[in-house]
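Below is one structure, written out as structure tokens; comments come after it.
Lettered A, B, C and D in written order, each chain numbered from 1.
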Amino acid sequence: MNSPTATLLISCPDRKGLVAKFANFIYSNGGNIIHADQHTDFAAGLFLTRIEWQLEGFNLPREIIGAAFNAIAAPLQSNWQLHFSDTVPRIAIWVSRQDHCLYDLIWRHKAKEFTAEIPLIISNHPDLQEIAAQFGIDYHHIPINKDNKIEQEAKQLELLQKYQIDLVVLAKYMQIVSQDFISKFPKIINIHHSFLPAFVGANPYHQAYERGVKIIGATGHYVTADLDAGPIIEQDVVKVSHRDNVNDLIRKGKDLERTVLARAVRAHLQNRVLVYGNRTVVFE
Amino acid sequence: MNSPTATLLISCPDRKGLVAKFANFIYSNGGNIIHADQHTDFAAGLFLTRIEWQLEGFNLPREIIGAAFNAIAAPLQSNWQLHFSDTVPRIAIWVSRQDHCLYDLIWRHKAKEFTAEIPLIISNHPDLQEIAAQFGIDYHHIPINKDNKIEQEAKQLELLQKYQIDLVVLAKYMQIVSQDFISKFPKIINIHHSFLPAFVGANPYHQAYERGVKIIGATGHYVTADLDAGPIIEQDVVKVSHRDNVNDLIRKGKDLERTVLARAVRAHLQNRVLVYGNRTVVFE
Amino acid sequence: MNSPTATLLISCPDRKGLVAKFANFIYSNGGNIIHADQHTDFAAGLFLTRIEWQLEGFNLPREIIGAAFNAIAAPLQSNWQLHFSDTVPRIAIWVSRQDHCLYDLIWRHKAKEFTAEIPLIISNHPDLQEIAAQFGIDYHHIPINKDNKIEQEAKQLELLQKYQIDLVVLAKYMQIVSQDFISKFPKIINIHHSFLPAFVGANPYHQAYERGVKIIGATGHYVTADLDAGPIIEQDVVKVSHRDNVNDLIRKGKDLERTVLARAVRAHLQNRVLVYGNRTVVFE
Amino acid sequence: MNSPTATLLISCPDRKGLVAKFANFIYSNGGNIIHADQHTDFAAGLFLTRIEWQLEGFNLPREIIGAAFNAIAAPLQSNWQLHFSDTVPRIAIWVSRQDHCLYDLIWRHKAKEFTAEIPLIISNHPDLQEIAAQFGIDYHHIPINKDNKIEQEAKQLELLQKYQIDLVVLAKYMQIVSQDFISKFPKIINIHHSFLPAFVGANPYHQAYERGVKIIGATGHYVTADLDAGPIIEQDVVKVSHRDNVNDLIRKGKDLERTVLARAVRAHLQNRVLVYGNRTVVFE
């Protein structure tokens, strides 16, 4: 199972024979499927699938797999992505002052819970510089305020290019990323510290406390131009009671934020997330 | 433990000696406390407590316990309620067309999960008449629409008085109760089929599906004039995935609605819920 | 989606091309797959899949689907089952004195959460006769003790044959079914009121209380000759605390038992459960 | 709330007037109670309580609080402990090769989730030396095998004395501590990587996989002479499916182990855990 694999993520209008067509493409070229999952959204008339197979023994050279598959996929009006397991994605983690999600992602990376490189940390504060140093990751302090946002985002984009970043993870970055930035770099996962769509925006734990909820949550989602309204990848919750003040919610929430963000990032990096409309299919 | 008990629910500004004062009141009159719990909301400067003791061996006759306690409580600016465990509360269950919460409450009542009488079911539809008959409960069909709401609510109030109802349980009643009604009969518990404050109002499962959430919830709360914004007593959630369409959310949600509503009603009937501001303390 | 469907549940040694082979069988005969899921157990070298397709438009008549598929499946050393969605399975519910799982299954059946007929209830006590009558289900009281077990099991088997039962659901039956009975009628689902393998055998809530656990559970599983050791279909848990005495565990446990048993039965009836060794794949 | 507090943990045979007696002791000496919780185990005839009050304004000097309270407590046959919030407990973390619980405890300590000092790490392997160095904690490598256990445990005890350790946390130590050691140093919290009492002993994730469970758990408990049978402080679980192989169980379990161990340690350090028999009351 450790030989390199290729993964296709495909969505297309539902019709007869799709499973057979896609499976035949792999099989007729000598591929051994090690994971296949599909989902039909009958309301949307959409077929969505993930197929992963071993490259060892596959007859097509990598460079032409895409073109070969497109000959089948194009007539089906399908959208598809092709990923190779040995192409290691590069992540930039963006933080503010809180360290728990950063530590957690670094620890999971070291523990090989996901395959990626983490060459870059960007922050609007200098506070976590030391952690970056401890683990040998470059840290760029780019303070952001209303007046300098446009030029600072330009610097951020430049860094993403320089470090050849594939995915930005907002690990409690606590700043709104501009629509313009997102249009230029759309692969961004955020952890929002509430059970979205409850408590959009600032200070969700304070909002939750005010509302007197008995459960709090966290949401890992792709960032879109609408604040906290992007496609949800993962959510989880924890019970709270009248005993818990705002600080307790924050403390309990941190455990949620860590695990929910990590699961969302891991699913994305394993090419298990397919976005359509404002929803996701997360293949198991 | 089966001898009758008295329960005090007290809230007052926090100050030294409250636990001692209240406990002494019971002890000096020969009472045996079988449950005591307290909570201090430091932000609000409020002390909240529940004390339950056996009436057997208590020196004060029931009729004067309130007055005697008030001599202590009034100088402390406290709000308090006194309940006797052998005064059985009377519940009216209001339903629409769905039967799952109704069946569930009736079953739990039969299973003695809570102590109450259920003499009355009110519905804006005739559909569940048969279930009422099956269990020997009076069923009143009071259709409600925009034009007749005022007069029909008058009929509902009349029924509550006639049946000497202490608590109205909206078991998927699916209608908004008017502010005027609530001011006249404020003891109402509702089950809202979402994890409030997400998806207030109509069709929360459709809203949840549209938003693409990965968890759905249900909320048991007291009804106030603000729609779906009253004090929350109980919430619970269940995971969903892309496999679940709206009908699946509805099906999974029913299990939540049953248990969450039952827990909220049970906590209320056991005098374990203290409301302050828009929050609740639910004593364990 | 409401036209009848056929479902294949297949397990076979893993090898290249299985997804393609099975999908081609459906597609080449004009079938429209509406659900397909597969799993490879690499440790066991086993491929397991569930494929469901619409019979409308499928070129093979029902009677020969099995034979036609076997021509493909036999050379692959596969085990397979074929089910038609309009062949409604017949369930016998076995109970003792507790009514919660029985009520729940009947309510879900009425609510069309699963497709089945429930013509028969068997009990070793007369207590739930009335519920059976209420819903028009035949109730057979077959008292069991050490001395009459063999002959009473013979009566039970006779009833299962007479009522053409496909599945026995032990809904808190509280009796051990003999190995001999199981060998003659192996389709039995049981709800065990603990988080197996903790607290096998009698009085699991008392055992749980004695051990001082902070969580209790329930387990829906197929019955095998080893007591409480059959393949697990579904489990769930709920938190408890020092506040909960044995009766509280029993009360909280009932909610678990209802939902866990219902989910296990529903998964089985939807042909989503594949047993291999002492494990299950539960296709989503 | 940040002024120092005293906390009494008391258990005694249940009788009338206990709440009043204990509250009066605090109040008559000018103390302001900031937390009080009690529980009566009616089956055991035992009253258990936790009372925390501010030392500021309390009339008794610290040195004599114990003696003064004992004058009340001794006639009641009570067991009691007295703790001061500014007496910072000292923890030794014992590890083997896995780093996740160690990292987590260190991070929570830095985040001030609990108040303690962590001057000492003991391990039977050298692997985590570097982490200790990173955070400035002394690391002692004490390899253990069958032949040297007695002498190595002597060294461990010596270190605990030298570092004035109050609590040993077995953060995946993976070794059995001898009965003799426990009798000499009984304050030990362990994280067991299963939902006890399921899967006692070695390799619980392998055992869980073999049994085909649908949920895995972790248990934080005090260590006693009976392996994995000590009083449980905290448990939590996570769902698994047929998709999860043993490595997945291990990965998912690590998240549980981290949070369950941390909650158990935190509850202990906040003097919220009262052990009686083989059970705990964990005051909220």
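Throughout what follows, a residue touches a chain if its C-beta (ideal position, glycine included) is under 8 Å from a C-beta of that chain, and two chains touch if they have at least 3 such contacts.
None of the values given here were measured: they were computed from a predicted structure.
Novice: Return the chain whose centre of C-alpha atoms lies at maximal distance from the corresponding centre of subunit D.
Specialist: Centroid comparison gives C as the farthest chain from subunit D.
Novice: Quick check: more C-beta contact pairs at A-D or at A-C?
Specialist: A-C
Novice: Report, in whole Å, the distance between the mean C-alpha point of subunit C and the mean C-alpha point of subunit D.
Specialist: 41
Novice: If you average the Cα atoms of subunit A and of subunit C to get two centres, how far apart are those centres in Å?
Specialist: Those two chain centres are 37 Å apart.
Novice: Where in subunit B do residues touch two or more of the other chains?
Specialist: 42, 241, 243, 284
Novice: For a test of understanding, state which residues of subunit D touch subunit B in their complex under the given definition.
Specialist: Interface residues on the subunit D side: 1, 16-21, 23-24, 26-28, 30-38, 40, 42, 239, 284.
Novice: Write out the stretch or stretches of subunit C touching subunit D in their complex.
Specialist: Answer in residue numbers: 39, 41-43, 195-199, 210-215, 217, 231-237, 241-243, 245, 277-282.
Novice: Using the touch definition up top, name the residues of subunit D that touch subunit A in the complex.
Specialist: Interface residues on subunit D, with respect to subunit A: 99-100, 103, 107, 111, 113, 134, 241, 243, 251, 254-255, 259, 284.
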